[in-house]
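The structure that follows is given in the form of structure tokens.
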Amino acid sequence: MTRLRAFGVQARLGERTVLHGADLDVAPGEVLALVGPNGSGKTTLLRTCYRALTVTEGAIMLDDKNIHTLRRRRVARIIGVSTQEPAAFGGVTVRESVRLGRSARRGWLEPFRTEDDDAVARALTQVSLTSQADRDVTELSGGERQRVSIARALAQEPQVLLLDEPTNHLDLRHQLGMLELLRTLAADGLAVLVTLHDLRLAAEYCDRIAVLDAGRVVDAGTPEHVLTPDLLETVFGVRGRIRTVGGRRVLDLYGLVDG
Amino acid sequence: MSTVTETASLTQSPTGSDSRRSDRRRSLATVLTLLTAALALAVATAVSLGTITIPLGDVWAIVAYRISPVPLDAIWGDRWWSATREAIVFESRLPRALTAAVVGAALAVAGAVAQAVTRNPLADPYLLGVSSGAGFGVATVTVLGFGAGTLGIFTLPFAAFAGALLPLAATIVVSLRAHSVTAIVLVGVALSMVFSSLVTFVLLVLGDVHQLGTVMQWLAGGFGDANWRSLIAPTLVLIVTGTAIMLCSRRLNLLLAGDDGATALGMNVPRFRVLILLAVSLLAAAAVAVSGTIGFVGLLVPHLAAYLVGRNAARLVPTAGLLGAVALVLADILARSLSNTTELPIGVITGLVGGPIFIAMLWRRYSQDSR
Amino acid sequence: MLVHTPSVRRIIALTSIASAVLLSAGCSRGTTTAEAEAAESFREPVTITNCERTATFDAPPQRIISMNDHVTETLIQMGVGDRIVGMGYGEQPDPLSETAEQFRAIPSLAKEYPTSEQVLDLEPDLIVGGMRSAFDDKNGLGRDSLEAAGIATFLFSEYCGQGFPDISLLENDFAQLGAILGVEESATALTEGIVAGLDTIRACLDAAGAQPVRTFFYDSGEAEPLSVGGVGIGNLIGDYAGIENITAEGPKPYFATSWEVVGERQPEAIVVLDYGSISAADKIAFLRNHPVMATTPAVRNDRFVVVPLDDFFESSRMVASADTIARALHPEAFAG
């Protein structure tokens, strides 16, 4: 089981420095939500964690190894990533698209084997796409395509799972289903890092929360400790507080901060 | 090579519609066999037809006598046809048909790969300015006389090839810094326009009417001067580049997951993209060098091939290659047989036939989508 | 290159002398450019129809622009060289010897055709073109717009659109030019010289009983050969030179055919038109190496005749090309 940590990460997009020294710690068995207002750099931070973006300062570590010292394919076997799916280009079925997630485990010229097909089938079941498995990806709705992306990450059978806004486009039922799935995976030992824009879902389903604001992680910890009324006001501009109801955390929101 | 799982054991397809969709992807082996047969038939037809009529029996006897390792004179008697007819069939029609096949395959494969690597269904093999670069090379040699005649009959093809790679070089320099696909494609478009203008300048301002005609004729494309020697280079490029592309088919497929998705799956996306675009441009440049700029094949054939076998690169590339070969041999037959003294430029045929087919295809796809 | 054989030289010399005599008799006034007045109007206006355009001239034009080399030479031969105020092309390195001095004195306006501004600036009253491209609408030099500006135009009939089926087209053109320029006698002398030259060649061939040689005219082209059709001047020159054009069914003066057709028809000789950046030697080498052409008697027997394209126009140069070809292919008719 692998632990993902980021230390003092600085990163640039073009000329602009987006991350100014961000830290993260995702342990096996937990779901860490990365939240923050738009433009705070959530996606950028996520991208540094799987080498889609090179950091200018700081390091990303898998256990005790810097990911830049590992070969890309090795990283791909450990970290599974679900990103925003690009515009669909027809001619590929859902099953074929998900099966791409098995690439890191096979040589570039090696054909896929039965165990790959099994992993794909499992992933499809986990995201409830089994009935759509043989349809062309262009025939799916936005939410279904999002789930394809998640299934692909699951098919990698990773130890660390990174998901960028996995609840986008999903209807309510699938949103809750998705987060339940993440909890199950964490319970199996995965380290799960997920960016979310919905604070209420984050509060309810995630073990820990890291709040990113203007490229810096301003606080990280359990939702109760982090989502204080103060932080909610300063960072998010809303008034609210967390309470625990029958063993579950609920975030109440009272409205906008004036001015 | 990954194959579509024919075994439906993992999924129960409860609704008929789902299984119908997977049936539409015929077995790859069937498709390739049919296409190979179609290609053989097309080549055979191309060799049998021409501006003069030679009896079919004679045509095939000529071919047989020439390629047979055993001298057939002893078995079937002396040659009963003129040396001219033998030259027409074996030195003119046959290499011409084979050139059309090779060029068609090269353009179709280049187009399929260009579309995959830019995730753009409108990409074609000339996306990096290959065709206007080639025109520039040809115009420069014809009008300004640089290196005119140095390579004999290979001067113009070489000039076209070298010219075609000029915009590519510039694009590569840019793409090593800017990693976005859009940036690369836009640079290619811009360079295409720059070289087009240069061609116009060289031809209209510096050149005379006759040179203009020569260059335009050359660019409009055709296989009239095909011969065995000029077939060697494009065939080699097709085999080598095609093999390299097939070896990269899994990586090409990964790009369907997006740049970030592919990176997450272990690929170095920017480097791969540059190498693949180099391969695409090599194929396109080799095709243009031999036969001028022929449009539509590289754009359209990949879509038709994808309709048959899907966009999994390992299936798409060989299918597109065969389909492109068949298409261009047929187009060449048409170009030669519509008039009995002269030939239409092949670009006219591919445009006039390809255009409506493309529109029909788009119509079907987008009227299905309207919900 | 241009071959001036003794008989042809004599004819051209006679023509020039005749015109010179007539000119000196008639042109003592010697009008020059700026003060151009009507050297004498015609007693009655002269009306001609050239390429389906009718025009009437009250007086012979005095400020002429000639658009092509062979036109310039022809006008000089007719004795109006001093009325030419400017010419298109004009870089002909070897103008006909009797026209050379005047030719070189005329200002060349452009490498090919002048712009409409250059033309209008010279205030011409007649523009004579030898090819259709001389009167290009796109460049403001269409015949309509020129005539609307008060400038008369004349186009050699070779390019009127019906091809050049027989020599009467030249006779007609030159007669008309002579009429509107006021130099009928020298025009007639020139025409008669040309016709006589062509007839002489034919007579020699007939006398020797020469059979027409099946010939392929090669202009240019690698994928497809550009050859001479049945309606142009090339075909006519071939008739006089004892040639049977193997592509006489071609519908245009110059048209594209295929190597298969040419090869199948087994030409015995090839006339190579020489011009432009590809040398005749290169063209011949190309034909020798072409797999289909290599099987023809012409290539096997190495029967090539090179004719400069400059000599393939409606002018006295026609005689030179007919002569070159006839002598090359029927040497026995000219021995002695």
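Structure notes:
Order of writing sets the labels: A, B and C. Residues in every chain begin at 1.
We adopt the following convention: contacts are C-beta pairs under 8 Å (C-beta built on N, C-alpha and C of every residue); 3 or more make two chains touch, one makes a residue touch a chain.
Note that the structure is a prediction, hence the values are computed from the model and not measured.
The leading chain pair by number of C-beta pairs in contact is A-B.
Central chain assignment: B. Criterion: smallest distance from chain C-alpha mean to the mean of all protein C-alpha atoms. Taking each chain's centre as the average of its CA atoms, chain A and chain B sit 42 Å apart.
Here the CA centre of chain A is 83 Å from the CA centre of chain C. Chain C contributes residues 111-112, 133, 220, 222-224, 249-250, 255-261, 263-264, 266, 275-277, 282, 286, 289, 291-292, 294-296 to its touches with chain B in the complex. Contacts from chain A toward chain B in the complex involve residues 47, 50-52, 72-73, 75-77, 79-81, 83-87, 89-93, 95-97, 99-101, 103-104, 106, 108-109, 111-112, 117-118, 120-121, 130-136, 149, 152-153, 156, 162. Those residues of chain B that touch chain C in the shared complex are 50-52, 82-88, 91-92, 142, 145, 148-149, 153, 208-211, 214, 217, 222-225, 227, 341-343. Chain B makes touch with chain A in their complex at residues 1-5, 10-11, 13-15, 18-19, 21-22, 115, 119, 121, 247-248, 250-251, 253-254, 256-261, 263-268, 306-307, 310-312, 316.
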